[in-house]
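Following this message is one structure expressed as structure tokens.
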Amino acid sequence: MANVVLRNVRKTYPGGFEAIKGVDFEVGDGQFCVLVGPSGCGKSTLLRMVAGLETITAGEIDIGGRVVNDVEPADRDIAMVFQNYALYPHMSVYNNMAYGLRNRGMAKPEIEARVQEAARILEIGAMLDRKPRQLSGGQRQRVAMGRAIVRQPKVFLFDEPLSNLDAKLRVAMRVEIRKLQRRLSTTAIYVTHDQLEAMTLADILVVMNAGQVEQIGSPLDVYAKPATTFVASFIGAPPMNLIPLDAEGVRARFGGAVAEAGVLGVRPEDLAISSEPPAPGGLTLDLAVEAIERVGPETFVYGTRSPGGDLAAISSKPGELPPDEIIIRIPGQEAPAIGQRISVVALRHNLHLFSADGRRRIAV
Amino acid sequence: MRGSSPRMTAVRAGRSRIMQKQSVFHSKFLPYMLVLPQLAVVLVFFYWPAVQAVIQSFLLQDAFGLSTTFVWFDNYRELMSDPDYFSAILRTFLFSVAIALSSLSLALLLAVMADRPLRGSTFYRTLLIWPYAVAPPVVGVLWVFMLNPSLGVIAHGLRAIGIDWNPLLDGNQAATLIILAAAWKQISYNFLFFLAGLQAIPSSVIEAAAIDGARPMRRFWTIIFPLLSPTIFFLIVVNIVYAFFETFGIIDTMTRGGPAKATETLVYKVYSDGLLGGNLGSSAAQSVILMGIVIALTAFQFRFVERKVNY
Amino acid sequence: MVEHRKFGNLLPHLVLWTGILIVAFPVYIAFVASTQDNATIANGQMSLLPGGHFLETYYKTLFVGTSGTTREPVGTMLFNSFVMAMMIAVGKIAISLISAYAIVYFRFPFRMTIFWLIFITLMLPVEVRIYPTYKIVADLHLLDSYAGLTLPLIASATATLLFRQFFMTVPDELLEASRIDGAGPFRFFWDTLLPLSRTNMAALFVILFILGWNQYLWPLLITTRDDMQTIQIGIRKMIVTSDALTEWPVVMATAILAMLPPVAVVVLMQKLFVRGLVETEK
């Protein structure tokens, strides 16, 4: 069994800064878990704690049923792929992959077999004699992965491995990584700040912000039912529209059950341009069109609720829109003109309600 | 500082390929005026003396400087068959190796220790690099004082453990004295470069090695040491050049080449033969030979060390 | 460090402090000696702790001089060293700046030849050409003068190379924008290039100052007058072969004083110093 369990894990740096504020979750055997969040949220720190490269101030980390808090990285039976690949510059590709096996005293023939097999899977057999500096970014990435898979570890750890690749390569490698992991059925924990990568790769998604876990769940669950406004605006692009409502507004819209101020959320794709009133319980907004973006298969329309108002200041919360700005996503290429006043509607079951501080999802 | 990194790499890697800026000025006289001061100084105080040295090495001047005869390679031949000269060569090389080895190993140890707990911190660095600023003669004075047979602190200690310490009489002890003092001074320079070299190794590579099952000692020998090798080669050459030339101040203060020439290095010999012996021709020939050695060493460094820099 | 052994973190600190002690020991002894009186030292009974003669010794050292072979008080020698170091540092930086500027930013016949001429000087330190240089300086009547002390040492190319390397990394666009703004070579140099070079100049200044201050062989050769001696020579002359005549406290005090300026510079301007050292050796 190679599951990973984190129990109330905390990390505080000597200066007093609390980087990880109590994290609990479990990654089942063979599952692909993605830690996603903005820069500085602690996801890399958490990964490194699982690897043993950072100390744990409190709590427990369990790998395969064994508590590994005090176990050296070399003894945790893990393999890690770094963002900058961290290949040994002075060794050939073959030796880069063989290094870990040699350290464990494996016999030469077996090392040869494993390295060749990994090279075959990753299609790097032709470059076994080359040095890292002679390889392209994508090739180095494969070697880094090869180094990880020859070890046949209990857990793979990935620290933003695709960030340094160009966009096209990133998409191709994303698929490769997923296929590889499925084929080897090794437990994997993957860190990224790219929500698209997170959505496409994960079995379990862990959304983090400022050292805390905001939500854990399958990608589609997290997408359909975000637990906080942070998750709501972080997952899904363009981000969810968030409209603050006072208590009156909430009661008026959602019935008497809820009577406190809150934040109304609706995704851009759930808004449609229509001059007809929506079904009961739905939402209507009057907007003045400020900008249009045509991306090919669809169009993004940016509108503001206050007519002729200045575009609000840039929001300080990552992923959130400035207040008053609403994005609508419409299929096709037809779009209203800039300056035009339009009406958009959303159905009730596509509306989300959060508490005023954004920390809680309110069921309606 | 801004600047595209390809350019930087090109400048560094192509030392012998001189690149020109795209945008230049096209004045007629200005560039010559700008270069003039340095060129003048260089011609008068570098090339002219160097040429003079070569010329003088082919001359034989009598004691009063009244007549000079052109003797071709006689001075050189004399040197080559002079046992004193050969022992000076041997001695200088031995000193260099001893100074380089002791200084480098201690500096490497210190750098490895300083790199670990406080990566990026300048605390230990500050405390270990200041000896670089100490002048050779001062180094000589300090060590002469500590190891003075009658009143030196360390001399006391040595006698207490049974060593008969008298560098004024014992040539080997005098040599040890010089080596110790010179190595002491070089520790900080080597330490600095080792530290820089260590910090240039990305921590992720070391972490990857740790995850790959390598314990600290194994990591050091299989990862850190190989990646440090350009710095090591570079420092070996620098230390040898240092031992050749900068030890003059130390030797002149401590032993003046004695006892019985036990600490006379090549540079010191040039000085004493010329100043005290009055044999300027021989002294000049020695200078020229020294020039040759240095040029060879520098060329060696350029060709082999620079090659290994890029992985 | 990756490991988390509890006492594993002690070892580096232990080794480092041992290193620091080894490195500091000679200087400490010198300081202790400078605060005790000569008789005690000469008898080999110097204790390992500082004594009480601090002020008296240092006053004597700076302003009075020893009764031994140096008749010059150390104050004068420190002054000479200071002037020499400053002149070397400033002089070298000045001529190198404009040379590098010419070589990088101008196209003219013999540009490459001149560059190589300057480059080769890197290879030979002054120790290799002492006597001929001495003769030339003597012929120019520059013995016992600041000019004679400093000019031959300004000759080498390290600074020129450093500035050249730096100028090569300055983007062309800066020059182009300057030209469009109507600036000629002087303006560009003064208004744009020079401010950009400030850090390099400062780093280089630190290295060169220390180099100049610590010069030994050359000043030894060309100064004959006592009042033109630098502190390094002064130190040397204080060690007389016969121990009985050496005034050890004064000698040690001189050593400390000789060390202070360059060490202070290194410690206070550490970042610049390190940068200068690493850049010039590349």
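We just call them A, B and C in the order they show up, numbering each chain from 1.
Operating definition for what follows: contacts are C-beta pairs under 8 Å (C-beta built on N, C-alpha and C of every residue); 3 or more make two chains touch, one makes a residue touch a chain.
This is a predicted model, so every value here is computed, not measured.
What is the chain whose Cα centroid lies farthest from the Cα centroid of subunit B?
Relative to subunit B, the chain whose C-alpha centre sits farthest away is A.
What chain pair shows the greatest number of contacts?
Per-pair contact counts point to B-C as the maximum.
Quick one: report the Å distance separating subunit B from subunit C, using the average Cα coordinate of each chain.
Averaging C-alpha atoms per chain gives centres 16 Å apart.
For subunit A versus subunit C, what separation do you get between their C-alpha means, in angstrom?
Between these chains, centre-to-centre, one finds 56 Å.
By residue number and range, which residues of subunit A touch two or more other chains?
In subunit A, 52-53, 72-73 touch at least two other chains.
On subunit C, where are the residues touching two or more other chains?
Expected reply: 2-3.
Could you say which residues in subunit B touch two or more other chains, in rising order?
Each of 207, 210 in subunit B touches at least two other chains.
If you look only at subunit B, which of its residues touch subunit C in the complex?
1-4, 7-8, 11-12, 18-28, 30-32, 34-35, 37-39, 41-50, 52-53, 56, 106, 109-110, 113-114, 116-117, 122, 124-146, 148, 150-151, 153, 156, 184, 187-189, 192-193, 196, 206-207, 210, 216, 234, 238, 245, 248-249, 252-253, 267, 270-271, 274, 280, 283-284, 287, 290-291, 294-295, 298
Considering only the defined contacts, which subunit A positions touch subunit B in the complex?
By the definition above, subunit A touches subunit B via 51-53, 72-74, 78-80, 82-84, 86-90, 99-100, 103-104, 131-133, 147, 151.
In their complex, what parts of subunit B are in touch with subunit A?
Residue list for subunit B touching subunit A: 202, 204-205, 207-215, 218, 222-223, 226-227, 310-311.
Taking the touch rule as given, give the residues of subunit C at its contact with subunit B in the complex, in rising order.
1-3, 9, 11-13, 15-16, 19-20, 22-27, 29-30, 33, 41-44, 46, 48, 94-96, 98-99, 101-108, 111-112, 114-115, 117-118, 121-125, 127-133, 135-137, 151-152, 154-157, 160, 165-172, 175-176, 179, 184-185, 196, 199, 210, 213-217, 220, 232-233, 235-236, 238-239, 243, 248, 251-252, 255, 258-259, 262-263, 265-267, 270-271, 273-274, 277-278, 281-282
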